[in-house]
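Note that subunit A is present in both complexes that follow, paired respectively with subunit B and with subunit C.
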Partner chain A sequence: MTAYIIRRILWQIPVLLIVGLMTFAIAKITPGGPFDTDPNRRQLSPAVEKILKQKFGMDLPFWHQFTRYMFFDFVENPKTGETEFQWGALGGNFGPTYSSRGSRTVQQELFGDRSGKPSRFYYSARLGLQALLLAVVLGIPMGVLAALHQNTIIDYVLLFGSTFFASLSSLIVGFLLVIIFAVILSWFTVIPDWSDPVQPWILPTIALGSIPLGFITRLTRSSVLEVKRQDYIRTAQAKGLGDQVVIWRHMLKNALLPVVTILGPMAAGLLTGTLYIEIIFQVPGMGSLLVEAIGKRDYSMITAGALIFVFFLGVANLLVDIAYGVIDPRISYK
Partner chain B sequence: MATSAQTIGGANALDRSNQKSRSLWADAMRRLTRNRAAMVGIIVVILYILVALFAPLLAPKNPVEQTARNSLRPPVWVTDNPQRVPNPENILGTDNNGRDILSRLIFGTRVSLIVGVVPQLIILALGVSVGLVSGFAGGWLDNLLMRITEIVASFPDLLFIITLTVAFRETLFGKAFGGLLLIFTAVAIISWTGMARLVRGQVLSLKEKEYIEAARALGIPTWQILFRHILPNTLAPIIVSVSFSIPGLIIFEAILTFLGVGMRPSVDPTNPLPTSLGQMMQEGFSNLSSGPWMLLFPVVLISTLVISFTFLGDGLRDALDPRDNG
Partner chain C sequence: MSIRNLRNTAALALMLVLVVPILAACGGAPAAPAATTAPAAPTEAAAAPTEAAAAPTEAAAAPTEAAAAPTEAPATNTGNAEPGVLRIRMPGGSGSEPDNVDPQQSSFVGEISFIMMAYQGLMSFDKDMKPIPGAAESVDVSADGLTYTFKIRPDSKYSDGTPLTAKNFEYAWHRLANPETAGQYQSLACGIIKGYSEWSAAACQGKTMTETLALDQTQLEADYGVKAIDDSTLQIELAAPAPFFLSMAALWIGAPVREEDAAKGSDWWYDPANYIGNGPFVLKEWDHGNKAVWEPNPNYVGPLGPVKLKQVVYNIITESQVAFQAYQNGELDMLTVASEDLSAVQTDPVLSKEIVNTVGSCTFYFGFNNTKAPFDNIKVRQAFAQAFDREAWVRDIFNGLGNPTQTFIPPGFPGYEKTDQWSFDPAAAKATLADAGFPDGAGLPEIKLTYSASARNNARFEWVANQLKVNLGIDATLDPVDPTAYSALTKDKATSPQMYYLGWCADYPDPQNWVSLWATTGQLADRIGYSNPDLDALIKQADVEQDPAKRADLYAQAQKILVNDVPVVFLQNDGGPVLVKPYVKGVTAETITPLDYWLGFFNMPNVDVQP
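So, the complex of A and B:
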């Protein structure tokens, strides 16, 4: 098991490297740079641009730029003139953002405090966790309920509802929620007040969580139906065990295994979902910042965003794999 | 065998005794037409295809024609606001530029359907060839191809597509067909991995079958075994997988265009693809409080389309893979 985990962690390194290299390469080979985004805006004077390019190391050869960004480099400190060691993305330093012309670093923008307000990372992480929680806490009981009442009206309603949400996208659900609850019913303001700890979170959490909710409900239902037919359930019932014990101890424990496996891909969906959900509901999180960065062609931010996303995905998948091994003693990792 | 089947259930047993005379496809067709949800799905999809094909005949107005003093008219049945009186000529109202929403919707379905289908060709070409080679060759080649697949699959798809579309947006390639060509390519480059894994798995299980061994013993060349004996047998799961991935692609276009990196707005009245549902959603979202109908209609349209494809996919899966029927 330990060997397996180590191997999985090691496998993340080439993945991160290749993702970094690809985003980095795309940024370099395409025409236009971060300093000439908008032709209508005042252009930088060639002298200033040269200084900026020097500051970002854009005059270095490609491989040097890449290794400086990803790993580390020895950089000359402009004030003291001494050469200093500087970590790259590997050490958590994603470099200065292009759009701030170097005054702020990517990690400050993403994880830093913003004059008393929580960091952008906090908003995204909280939104994602709330959505996941909503999906798991509601989805599993609903799936069990549907399966135990198979072919009744409860089952049909739950199955139709979960199929509906599972086939949509959180983009569509988000739009529907905004139209219904913010515009038509006016229960929520279109422009959220983030000092309120509950109210502005409700709609984005539902929008983001509804798709995994649909998936989990459907999967739990079919998995409970499968388990229900097994011999050991009949044995448990024949032993005279109560319904509750059979359902919770014998049925659910086995039925939940497939549900655990989709939590990994689900985390991926939640992560990318924050990109547009945060725009729709004006959440000041990482997703909306990344979309902004994309508009400004702020490649240091975009590359950092891709790396961070891949990192979280890897962690989520690893956790799911480990959880799977812990829950199911039949699985052994080599 | 026959007696045990007959004891299970009358009608079912009769079907099974006749089954030898029918092909897999006829059988699947029969199962599909019995599935009510799938039939509803097919009918809706066909309806959308017809609308997309005959858009110029069906649309009451030109989708990019802007009429002065006719902007943000609500749909004809919304008469409760005296400041915004509907125009009977625009059944579903107009947008902030005075363009007819119904006509734009009719033309917008074109792009959604094209986006759902065209990238599939690239996905199929890439996925099927990687899967076939990987599964059949085995060894180091299989290992290499599967590692590449794994890396591509671990990209955050949306973020990668966005990066690609942003990077190439201003090139000639990125401007072709109002940005659609770039969307097709970007989406396909990241989406073929599922297909490759599916085909590889199928090939791995098929190549152990006796009839492949027989073919090989007969001295049939490898490419012929691949294309005549293995590929046709992977067709059913491929069809199911394609029909399931269409809704995802339609949504991708909407997301990209909503984020401002998808289709470009067009003002050319002769453009056959002047707008997309994603673009209408983006315009609708920026006029949310003054004209919520601008957002509502494309959202409803795209949800119906996506759900119909899902029903169709569910039906196809049940029809082509009878093992799941229990």
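So, the complex of A and C:
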């Protein structure tokens, strides 16, 4: 098991390298650059643009820019003329952001504190965790309930509700919640007060959690339905086990495998920030920052976004695989 | 990405389907026909009775208003407004957080309006956009126009109480020129201040950073023309007379950043504790990604005070629909109207009364690559200028956001010259085109209309192509390009598209900031390969002319040539309606100027909030 986990972690490295290379290359190949932002304003003079390109190493050949970003490099300080060693992304340094004119680094923006306030990562991760928790805690019991009462009114209501939410977009749910609860009912404000530890989190958590909630409910329902008809369940019932034991011990354990499978990618997506929800509810998280970076051609931020997402995806999938083994002893890793 | 777009579109459509019935249901409207046109009104009215009951005195105090509207007096939603607290969306268009607010590094509108809350330059602007003393008490210009002597206001202090002297300004202006700063506006003062180009060799002469820093920095700094004579006197020597220098001295680039703050690292400005200035406000709190909170600077001296407001809150709201909801819900006191919302605003009984019309500081145009056929032919360009219905363009395509124009400098700015030389006249346009040798467009090469791709722009440029078809008989092809790539294309005449859409916004209110861009080596002319020796001669003369009347006349002559040559077709200025809650005082079309980066900014002492 330990060997398996170590092997999986080591496999992450080539995956990160390939994703990093692809993202970096695509970002660089896309026409336009970080200094082309607003055509309506005074443009950078060619000389200033040249200085900035040198400052960010954009005058180097592509392979050199990539290795500097990804691994490390020896960078010459124009003032002293000395070369200094500098880590790249694998050493935790994602480099300066272009939009801040190099005065802040990507890791400061994403993980650093915001003048004494929690980091952007904290907001995205907390919101994602809350939404995931909401989806799991409500979704699984609702799915089981619907499956056990198949073709009754309970099933129909739950099925309709979950299908409805699963097919919505977070953009719509977000706007609907704002209009209903902030504008019409005035229970919340449109502009959140993030100094309050609870209130501003409620609507975005619901908005973000409602779609995975719909998915998990539907998935649990269908997989419980499938398991329900299996022979071993009939055997369990035939040997006189109580309903509760059959459901919790025999049925659910097997029915949960597909649900656990989708939790991995779902968690990675929710934790690294979701654009619409962060924008609508003005969450100071990572999602909006990463998406804005694309328009600004903030190469270091764009690539960092992809790397971080892939990293979380890898970790989440690993946890899912470990969870398989716990849920189903037949699955073992060597 | 395309899947996301698709999802976006689908989402919006679905949202309409879902939201409209809900709103209608909330109105509970048996009066069906009215409910469809103004779905927001019934809910508003439903909320109103409680409010009216809570404020009987106000209703009693304004009997005339009630009498004037006997049917129903829709009230604005004051929400949680507080006296003296102004809550607005983060200035700068997109409502997002400024990326860098270091005065000597910044360049965008959102960044500038942030900086100018906390800092004040040597000069400031009055209502007519004339430079007036700001942090300086007075300024003396030598007879040859080369030496500017600024007297700093006595007892000037920073917001934390430390003294502000001429030395602080000396530091800031040195920081601007220092090649290590490498600010985006560093090239603005090239060739203007004595010794600037020499010191800023990288930005002004195109040297590499290593070459530049290898020069004798101490000597170059000593030769640089900005010196503090004593604590209250700052002397700036210019390389050549520049009558617009006083306007330049009012800009953010000369904001007196303190050495001890800037020394705290490249992101010193990120922490409000370091963001100490001499402007009308103090940055109390900056919750990055969420909001910035300002309070009046008790030590402020200058023309922008005394400030009546107790607090100004900049909210970071990137989605304009959310901002619009917040405004209607009484959580914002002012809001720029997005063109999509304009018709809803104009038909709404409450919102339509809260409109304040503004004039902008930008001019938009169709650029032509003057080096490529057929736009190397002046007659063809003139025909295009006559063939365009600017009134309809602004009215139908921009929903009336902005004003049509036929010249470059926007109205209200010094040097504005009204002209109607290229008024819409399809018959004349056809004749001019025939005159150019292309009757009814026959023989013209393919005309490609390049623009920054977006759903909004696709519709706009289809309309333009149709104009060309109807008025000139030309079949233009549409060529949408990714926004950032588009901006890169337009920078150089080698890559500049045949015909494209672009704008220019004021840096400072002086014709030099506009007309001189069209000299052969000027920023805009150079991009499209336009050159006229007569214009060059006039500009060269005007830029250094000391006599204001003579100077104005030279710029006026230059503008005549510019308009007649049609290097580009001037279309419209920005501006248009802004929503202002009735309890916000001092923000009216009469008091604000196009330079108010955010409404009421230069007019700040007049602004107050009394809900």
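The working rule: the second predicted complex is superposed on the first by the 299 of 334 C-alpha atoms of A that agree within 3 Å, B and C clash if a C-alpha of one lies under 4 Å from a C-alpha of the other, contacts with A are read in each partner's own complex, and residues count from 1 in each chain.
The rule we apply is simple: a contact is a pair of C-beta atoms (placed from the backbone, for glycine too) under 8 Å apart; a residue touches a chain by one contact, two chains touch by 3 or more.
It should be emphasised that the depicted structure is a prediction, and the values quoted were computed from it without experimental measurement.
On the superposed subunit A, the two partners subunit B and subunit C do not both fit; they clash. Using the contact criterion defined above for the overlaid structures, shared-chain residue A:129 touches neither subunit B nor subunit C, since it reaches no partner. Shared-chain residue A:272: touches subunit B; no touch with subunit C.
By the document's definition of touching, neither partner reaches A:6: not subunit B, not subunit C. By the touch criterion defined above, A:319 lies against neither subunit B nor subunit C after alignment on the C-alpha atoms of chain A. In the overlay built on the shared chain, the residue A:157 is in contact with neither subunit B nor subunit C. Set against each other, subunit B and subunit C differ in how many residues of subunit A they touch, and the higher count belongs to C. By the touch criterion defined above, A:306 lies against subunit B but remains apart from subunit C after alignment on the C-alpha atoms of chain A. Of the two partner chains, subunit C is the only one touched by A:79; subunit B is not. Look at A:19: by the touch rule set out above, it reaches subunit B but stays clear of subunit C. In the superposition on chain A, A:179 makes contact with both subunit B and subunit C. Stretch 91-99 of subunit B is the one among 91-99, 217-225 or 235-243 that clashes with subunit C after the shared chain A is superposed. Common to the subunit B and subunit C interfaces on subunit A are residues 30-32, 168-169, 171-172, 175-176, 178-179, 183-184, 190, 279-280, 295, 297. Every residue of subunit B that touches subunit A in the complex is listed here, in rising order: 150-151, 154-160, 162-164, 166-168, 170-171, 247, 251, 254-255, 258-261, 281, 285, 288-289, 292, 295-296, 299, 302-303, 306-307, 309-310, 314. By the touch criterion given at the top, residues 30-33, 36-48, 50-52, 54-55, 76, 78-79, 81, 97, 99-104, 108, 114-115, 117, 120, 123, 168-169, 171-172, 175-176, 178-180, 182-184, 186, 189-191, 194, 279-280, 282-285, 288-289, 292, 295-297 of subunit A touch subunit C in their complex. Those residues of subunit C lying in contact with subunit A across their complex are 7-8, 10-12, 14-15, 18-19, 22-23, 26, 43, 80, 87, 96, 99-100, 102, 105, 107-109, 179-180, 182-188, 190, 202-210, 213, 266-267, 269-273, 286-290, 315-319, 321-322, 325-326, 328-329, 331-332, 362, 364, 452, 481-491, 502-505, 507, 523. Only residues 14-15, 18-19, 22-23, 26-27, 29-32, 163-164, 166-169, 171-172, 175-176, 178-179, 183-184, 190, 268, 271-272, 275-276, 279-280, 290-291, 294-295, 297, 302, 305-306, 309-310, 313-314 of subunit A touch subunit B when the two sit together in their complex.
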